[in-house]
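Shared chain: chain A. Partners: chain B in the first complex, chain C in the second.
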Partner chain A sequence: MPIIIISSDSYKTGREIGEKTAKATGYDYVDREILGPVAEKSNVQEEKLIKALDEAPSFLGLSSKLRNKYLAYIQEATLGQLLEDNVVCHGLAAHLYVLGVSHALKVRVLSDPEELASQLSSEAGGSAEKVKKLLKRQDAQRKRWSLEAFDLDETDPSNYDMVINLSQIDPDEAVKTIADMTAYRKFQPMTYSVKCLRDKELASRVRMVLMERFSDVRVQADGSTIVVETKAIKREKQKRTEAIKELAGGIAGVGYVEVHVANDIFRQAAESSR
Partner chain B sequence: MSERLDVMLLDDEPIVGKRLKPALTKIGCEVEVFQNPKEALDRINEKEFDIVVTDIRMDEIDGLQILEEVGKKSERTKVIMITGYAMMAVAREAMEKGAFDFIAKPFKPDDLRKVIARAAKALGSTIDFEGAST
Partner chain C sequence: MAIITISRGSYSKGKEVAEKVAERLGYECISREVLLDASDRFQIPEVKLIRAIHDSPSILDRFNHGKQIFIAYIRSALTCRVAKDKVVYHGLAGHILLTGVPHVLKVRIIADMANRIQAEMQREGISQDQALTLLERDDQERRKWTKNIYGVDPWDSSLYDIVVHIHKLTVSDAVDFICQAATKEQFTTTESYQRKMEDFALACQVKAALVDPFFDVGVTCEYGNVLIYTKASNHQINKLEKMAKRIEKEIEGINNLEVHAGVPVPKNAI
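Right, the complex of A and B next:
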């Protein structure tokens, strides 16, 4: 059966729709509860993982490097859950990295603005004008976050199979529509789409291991073949290639490792000028 | 249905048929190989196959057209799409039009055998294709 990925402009709304959809379809529900075990496994505070999912890097907040590392942990854990099939997933940014998987039904749920405003008002307090400004800022921040982290605008409707506006559609009706869509033939798993998801899961596992030493790595998988891209100065190329092959080669499911090391021109220039 | 499984294999690259035919024959399939989609369509109009395995990108007639034609002729025939140009949109389109499965090239003969085994099961075949492939 398809996997359902819910994204929303409000975590609370997304969670409500996600849980109800899981109940209606009989699927498992995966949300930020998995972050506890992820935090434990990777020895990171759970709050920091949540921060990586919610906030754009800033001077006082998380650095880009740390944010990417934490997102890699979350991605690896989430993709592992999605391989199980029959899953509704929410709150883990899966809509931004489960790309090209035809049995992943992606739904964007837009909250009723009035309800969202009252939610925010009770959380942050303040006048209607202040809440309006806060909402606008929140939207801009999410857009910036998704573009920086995954090079995709999560507010862009073209990134979803369906967008539901809860100011026009009752939540229960929305859940029924999502559940009905899972019966569409085009969202059924097939050999190709299952392989796409498996490749992503393997690539995420390899990336997570390699990122501990090489934060810039990009990893792709095709079956058991792994292609790793990274940057290094000339004299380090050989050493880095060997290290990556050794690290990646030891991961379950990896057969062949191909490494492409591009010249790190900035570090090379800095070395030359010394 | 008879215990023999009638399979059509259509791909304009001769190597595909050459490589896959023995793999499918080994598990008890009666395989007819075609490289020309027009000739394959003529044969589809003459005979009801249990399974049609077709490439998608071919000159003149593509695999999605073959899928539609097979669907018109026989609802029970399972169509398996294979392609070197796999993309989500095409995969969804094929499934929507009734494909049984969709496989990206390159794949191992055993990958196709597994899908054939599932198709045979869906057709009610009692042949143990999984056992035959070992």
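Right, the complex of A and C next:
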């Protein structure tokens, strides 16, 4: 059966639609509850994982290196859950990294701006004008966050199969539409699409392990073959290749490891100027 | 019964979706007809109107307000058609030109760039690069136009009720979604909605009649009572009042018409 990925401009709205869709389809619902075990396993505070999902790196907040590391933990756990099938997933940014998996139905739900404004106004207080500005700022922040973290604009409708605006459309009608879509042939798991998801899951597991030592690694998987891309200075290339092969080779499901090390020109220049 | 606007990029199959929706619901499907109506009624060549709603305004346009004048003409023609109800409009800027009408189902159809390029290559007999350049330029012009004139980005999903991506979803799926949504209560034309639509169309007609030379007037209409808001000077107000009196006789459906000067223009004014 398909997997359903819900994205929204408001966490509360997305959760409401996600839960209702899970109920209507009889699927499991996966949300930020999985972050507790992830935090425990990776020895990170759960709040920091939530911060990595919500905020762009800043001077006073998380660094991009840490943010990427935390997102890798979340990605690995989420993809593991999605492999189980019959899942509705929300709040874990899966719409930004489950790409090319044809049985993933991606829907973005936009809240009624007036409802969102009154919700924010009651939470944070302030005039309607102030709330409007706040919402605008939040939208811009989310856009920046998604571009920095995954190089994709999460507000771009072409990243979804459908966008539903709840200003005029009732949430229950939206849920019914999403649930009905799961019966469409194009969203049924095929051998190839399941393989794509498995490859992504394996790549995310390998990346998570490698990121502990090499923060810039990019990993792709094809069956049990892993391709790792990284950067190093000339004299470290051999050492790094061996280290990656050793680390990745010990992970369950990995058969062959191919490592491509590009020249790190900035570090090389810094080293030679010393 | 509803009014449906379908916004689309070139080669995104929006036209096909619109035609099929109209066929299934038994609605009228319009696009170019609106321009022909406007061209006929206001004696403007169609090509000028097309440019007005396609190309972004030049620096000169911003001074002579040419585009605003043409847009008022097109809006007037569109609202006259749409006021008859049961309409699918898939021309440019429907969702913007009909802002304020409550029972309009606003849909955007998007398609993958690769498929659009393929379609353009086949139709025009051009290379992939040329097709990509043309499509990007076309998209850019449409975005610039809407941003310059209405201050919104047409790619912003919040302007629409539904955005359907034709890729995994087919034209037939999109037609199903739209037809289902159109039958919902919130998009059904009630007596009150019809009244509002007729008032809106009347206000657009009055604006179109005044826009040259009074491009900055605001017009509202409620139950056939038309209010014209202006910031014009005393000398111009006399001219405007004379014009307004003439319009009152010429346009059908006006109960009363008043000119208000020196008061703020309401946000819902056209």
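What we mean here is this: the second predicted complex is superposed on the first by the 274 of 274 C-alpha atoms of A that agree within 3 Å, B and C clash if a C-alpha of one lies under 4 Å from a C-alpha of the other, contacts with A are read in each partner's own complex, and residues count from 1 in each chain.
Assume a contact is a pair of C-beta atoms (placed from the backbone, for glycine too) under 8 Å apart; a residue touches a chain by one contact, two chains touch by 3 or more.
Please read all numbers here as calculations on a predicted model, not as lab measurements.
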| request: Sticking to the clash and touch definitions up top, decide whether chain B and chain C on chain A clash or fit. | output: fit
| In the superposed arrangement, does A:Asp156 touch chain B (first), chain C (second), both or neither? | second
| request: Check whether A:Arg142 is in contact with chain B, with chain C, with both or with neither, and answer first, second, both or neither. | output: neither
| said: Between chain B and chain C, whom does A:Gly100 touch in the aligned arrangement: first, second, both, or neither? | reply: first
| message | For the overlaid complexes, name the partner, chain B or chain C, with more touching residues on chain A. | response | C
| Does the superposition put A:Lys69 against chain B (first), chain C (second), both, or neither? | neither
| query | Thinking of the overlay built on chain A, is A:Asn165 touched by chain B (first), by chain C (second), by both, or by neither? | reply | second
| request: Give one of first, second, both or neither to describe whether A:Lys195 is in contact with chain B, with chain C, with both, or with none. | output: first
| said: Under the stated touch criterion, which partner chain does A:Glu173 make contact with: chain B (first), chain C (second), both, or neither? | reply: second
| note | For chain B relative to chain C post-fit, closest CA-CA distance rounded to the angstrom comes to 5
| query | Taking the two structures together, which residues of chain A meet both chain B and chain C? | reply | 102, 184, 186-187
| request: Mind listing the chain A positions that touch chain C in their complex? | output: 9, 102, 105, 108, 110, 113, 155-158, 160-165, 167-170, 173, 177, 181, 184, 186-187
| message | Under the stated contact criterion, what part of chain B meets chain A in this complex? | response | 86-88, 91-93, 95-96, 98-99, 101-104, 111, 115
| note | chain B partner, complex, touching residues on chain A are 100-102, 184-188, 190-193, 195
| message | Taking the touch rule as given, give the residues of chain C at its contact with chain A in the complex, in rising order. | response | 105, 108, 110, 112, 155-158, 160-165, 167-170, 173, 177, 180-181, 184, 186-187
